[in-house]
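Below you'll find the structures, each written out as structure tokens.
In what comes next, chain A is part of two complexes: it sits with chain B in the first one and with chain C in the second one.
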Partner chain A sequence: MASIALENITKAFGKINALDDVSLEVKDNEFFVLFGPAGAGKTTLLKTIAGVEFPQKGLVKIDGEIVNHKEPMHRNISMVFESYALYPHMTVYDNIASPMRSKLYKKDEAHIRRQVERVTKMMQIDHLWERRPSQLSNGQRQRVAIGRCLVREPNAFLMDEPLAHLDAKLRHHMRGELKEMQSSFDTTTIYVTHDYMEAMSLADRIAVLNLGKIEQLGTPMEMYYTPNNEFVARLFGEPEINIFDGELTERSGELAVRAFGQAALLPVAPDAAKVLRGGEHRKVRVGIRGNDISFSFDEVPGWLRGSVYVNEPIGNKVILVADVGGVRLSLVVPNDTRAKIDQPVFLSLNMQHAIFFCAEKGTYIVRSNAAQHVSDAPGTKEEG
Partner chain B sequence: MAELVLRNVYKQYENTEKSWFRKKKAQKLDFAVKNLSFSCNDGEFIGILGPSGCGKTTTLRMLAGLETVTDGDIYIGETRINNLLPKDRNIGLAFEDYALYPPLTVYDNLAFNMRAKKMSNEEIQKAIDYVAPLLKVDDLLDQKPPSLSGGQKQRVNIARAIVRRPKLLLLDEPLSHLDGKMRQGMRHEIKRMHHEIKCTTIIVTHDQMEAMSLADRILIMKDGELQQMGTPMEVYDNPENEFVAGFIGEPPMNLLPSVIQKEEGTLFFTFENSPLRVEVPKRYLGILESGKKVTLGVRPMDVMVAKQTTAGSYIPIAIYENLGDERRISVRVGDSLMNMITTDNVVYERGQEVQLEFYAERTHLFDPETGKRIRAN
Partner chain C sequence: MSAPTGNTYSNTETLVDTQKNKRAVTALQTFGRSLGLGLYSLFALFPLFWMVLISFKSDREMFNTLFIFTPTLENYEAVLLRTDYFMAFFQNLIVSGGAVLVTVVAGVPVAYALARYNFKHKEGVAFQILSFRFAPEIMVVVPIFLIFQNIGLLDTYLGLIWVYQLITMPLVIWVVRGYFEDISVEVEQAAQLDGYRWFEVFIKILIPLIKPGLVAACLLAFIFAWNSFTFPLVLTGFQVQTITVTSMRYIASDTVRFGQVAVAALVAITPQLIACLFIQKHLVRGLSFGAVKG
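And then the complex of A and B:
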């Protein structure tokens, strides 16, 4: 158990900055997720912490101590690999015992037995001691791989996309397994992924990386409800958040948004209006999620008019993409909805849940009731 | 006009491995495609879906004429095409890797096959003018493939496949090289394109979401055999067997091995190593009896935390996840995790004991031996 701090880390491969002045602090015992698209620098950051890559600038600290020049093996950090890398010819017991039989961490057999007992009980694999990896299910193998890392009581636990190579169905299952045993880790964990569901499900805090820079650092709910910019907003949620251009206008003393070149105005919640009025914004970008749009195939006065671009039945719901004045809006509709391509559709946006971004920079300005969404929103309570 | 019919089609590969001193006898392998029959109507969009090795690409290659047919007939319209050469079948093909000619511009790539057929320049121009806007490649006509993104290349690839207005368009995993966001957009474009040209189209994919969202009807294959064919909602709502049930839908259907037990005159589903008991819905009463083993299937949307106290037992929450768009709960039922998607705004905690309620109408029963669906009377 330890806290990990990175200060102004810069790492370049040739001319390309893989990491550009990255600073972050992972608290003791935290489950911290590094999240971002391919090429964002996630794995490079993880390797820097492990000591496999050396930063050109900046400090890596473990529990306050600078470890830049410590060899990986002296940092007491363990890493779970995507392929689990279990020894195929060893039993589960021997696999888990293996780190304690290495020269560096040599322990006596009685101690090893106690440790293996503790870890296998925690991972619920104590009945599998005599099995070899080939006789285990995928979930059990993952548990063995994690157990092997935990047995040493490392300072921190690094996981690089441990579920990425699995198919969708298995990945879903393994995420559940991981989430379930997460609370028993009792170790600082840094987890790299490009799957937003994994990030939201597992993380205490998330760092969103893009092109070697941190775009946002915060809890999953902060990412989802108050993203720092359009880039972060687009990463979380399926279907992707709709973001469109809007123009602020006053309508009988109330602030509203004109958009899609249509007569229908979109009302702005009073608390958001206050911030928007104060900021000299005339043009804004408005973000609204697919769940926050209502639809009707019959004309409703005051609603936006559009046409069905495509509709995609995906089982428990239908994703309907509407073309509204040349802008595509995706909305989630019930799975018994039938729509024809190009048929007219009428939409109402729940502007209480809209997120306003700066028109020039794409940065976050305001959303109504932000504090409540982030802190009291259902599901934000700490578990356990 | 271009109705496609497959009748009892088989495909068996032969292992014709030769060694230097002796010609080995050709060794017959297992059937890659077994007794496949289906038909698709003119203008229909069909998805062939299955895990790798299920025979879906073999089927497509037989349609294209790239593989011989071991047994059975394939018809396009009135014509039996088994022995026609690929070039005579009037089929458009687009594979997952784009196979564009890198030194040629997009325009020349599109025109290539038509020039080979000695069409006049005006005809070629006309055909390209029609197809290019459909797939939004009209701005790219002067560029060469190396400067295009993956999504653009795939659009050019598909445009080339449809530029000669084939009777049948075959798409082999066209989206699997693209990343998530681009895949979504491309899906929309393909759907619009099909809506516009109304060409009979077959797409092969292993991604159930892709098949569900694109196809009018889906064929689900496993081990060379057809498992089920139907519209997306048919296969979602009424899966014929356990395999289809588990393959379609995300998160997947919960499939729980269960034993029927009678307690105080009421039949319950019971589960090994779990206190969970689920009352047998009325519609199954005629076909189930105490002691029978079944697999109970229920989608994550169709089981929820009970609002009121029920006869069922309490069971602790193993996982609670807030994914923003939705919240998911999982509980342990024996060795497996059962997933639920909640729609209420209640915050649950891990370890909290709750009762569960099943949508009786939307439960499915499967025979644990054969995996076949057990129908209610």
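And then the complex of A and C:
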């Protein structure tokens, strides 16, 4: 296993910048997740590490050694392609055995058989050995592709959306398997995904890519609790974080936020207020997650007044979207909540958990108690 | 209980009825299809059959008999034993086979480059190659004759194989290019990461995938080269003779020896027939231009 470092990687396809001065370091045995929307440059970044795409500028280092001029075959990197890239004319067995049959990584047939057995069992495709890729479903193809990747002992595993085409149940199972594999064999893994739950549950660290640039690099907790900007904040969490405009005002010596054109003021926690006062902000953007909003259908003095816009039950929870002064806020409410559309609803925002962003640039300013949230033990990771 | 039973019964009856109808329709369809195909094959194969018949007829019976005549082998004897027709046959095999071989060795890499790499005027180059097929052979054959005369390629295997590239190369390049384009680049990249050299990737991954197209295109190219008439007529003479030119010999100035022409033609089409039968599977799959992905 090896560490991987990228220094100032720039790559353009024609006039489009796929990667723009990207630098990052993946430590030995780290599970590193590249996260971002479609077209962010995640796949190009992976291929640059693998050596099948070449950066126009910058260095790729594996274990401190510059590999820009090394052929992909000599980099000893194993990759799952998003399009599976299986060999159509070979059976599942031969596909998975292929890396162990090349001159470079030659193994004897008995060893190959044992290894293929191991990974196909793990992927639950051991009954499909004799099939060809054209005779498999997409989910099965994807598992063959993962199998072909895991069968080796490379410097690093690169996985490009390896679970994207699996059904929900299998995806959950495979997520567990990958996590387990990660902890039992020390493997450096770079994992591309656009599913924030996968990113948060698997990653040691996450890099959020957007338009070829890294928006933020850090642990899952940092992404969730202290996002660098509104873009990152919106990527993590379901329902999407609510971000609204607010105006800072003083109320009997304490800082508060006026928002939605309503009389009710939102208090700011003292430690956040200190930072906000120091930064000469008057207008801010306030982010608050759906589970930090309480609601009531009966009028409560001092709460925000809104109306129900839509009510979506999604099994284990209900997402209620409320219209407050023209701004829509999504909140997570108990499963048995029944609401009629346009019914009045009263909301209270837990401002202890609010994240403040700069009104002009959308960048992170402060949240209350940030350090404590971020250092929370991994066991308390909670999704949405 | 009785009412539902009655109901069910009548339902089954209609079901059986429609099934009967369906079976009748299917039988009719099968019959119609067979009839159509039968008629077509009669239309397609009858000339061949007729050629076989007249190859056994003597000149005397050529025009006054249809199916009943005294079979004779004198045409075969005249063509195969008394002339050097077999020579022409083998020489034709050498030029056509050689032409296809050169095309494969040079054309497949060209097709790969046209499919994979982006370079200036790529489509222009591809179209230029294809356009060699548009130009009538008679248009270029005279200048080629003069050039060959000067550089000593007239009446040689090399010269003819070279000129045949005009016929075989565009076909192979265009068919194989489509096949390469259908193969995802990531398949090649995956193989490279698996530890294979580029050349190994080409042999182990790409060649098996383009094989149906390559075989079909080569076969067609071979047939076109085999049947070529204008080029060998003008560019060859005594050293190299192709079968197409030689078979014209049996059309003498005073009389056409139809029996001998038929024998010559039968011998000429044999390799094509055999090749087609053997690689029929590849031909059908290959000419569907990658529509059926293996």
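By our rule, the second predicted complex is superposed on the first by the 309 of 384 C-alpha atoms of A that agree within 3 Å, B and C clash if a C-alpha of one lies under 4 Å from a C-alpha of the other, contacts with A are read in each partner's own complex, and residues count from 1 in each chain.
By our rule, contacts are C-beta pairs under 8 Å (C-beta built on N, C-alpha and C of every residue); 3 or more make two chains touch, one makes a residue touch a chain.
All values reported here derive from a predicted model rather than from experimental measurement.
When the two structures are aligned on the shared chain, A:P72 is found in touch with chain C, with no touch to chain B.
Of the two partner chains placed by superposition, A:H127 touches none, neither chain B nor chain C.
Contact with chain B, but none with chain C, is seen for A:Y224 once the two complexes are overlaid on the shared chain.
In the superposed model, A:I319 makes contact with chain B only, not with chain C. With both structures placed on the common chain, the touch criterion links A:H89 to chain C but leaves chain B unconnected. Shared-chain residue A:K15: touches no atom of chain B or chain C. When the two complexes are overlaid, the chain among chain B and chain C that reaches more residues of chain A is B.
The intersection of chain A residues touching chain B with those touching chain C, taken from the two complexes, is empty. Note for the complex: chain C touches chain A at residues 184, 186-187, 189-197, 200, 205, 208-209, 293-294.
Of all residues in chain A, those touching chain B in their complex are 37-38, 168-169, 172-173, 176-177, 179-180, 183, 197, 200-201, 220-221, 224-225, 234, 236-240, 289-291, 309-310, 312-316, 319, 321, 332, 335, 341, 377-381, 383-384. Of all the residues in chain B, the ones that touch chain A in their complex are 179, 181, 184, 187-188, 191-192, 195, 207, 209, 212-214, 232-233, 236, 246-252, 299-301, 318-325, 327, 330, 337, 339, 341, 345-347, 349-351. Residues 47, 50-52, 71-73, 75, 77-79, 81, 83, 85-89, 98-99, 102-105, 132, 134, 148 of chain A are the ones that touch chain C when the two sit in their complex.
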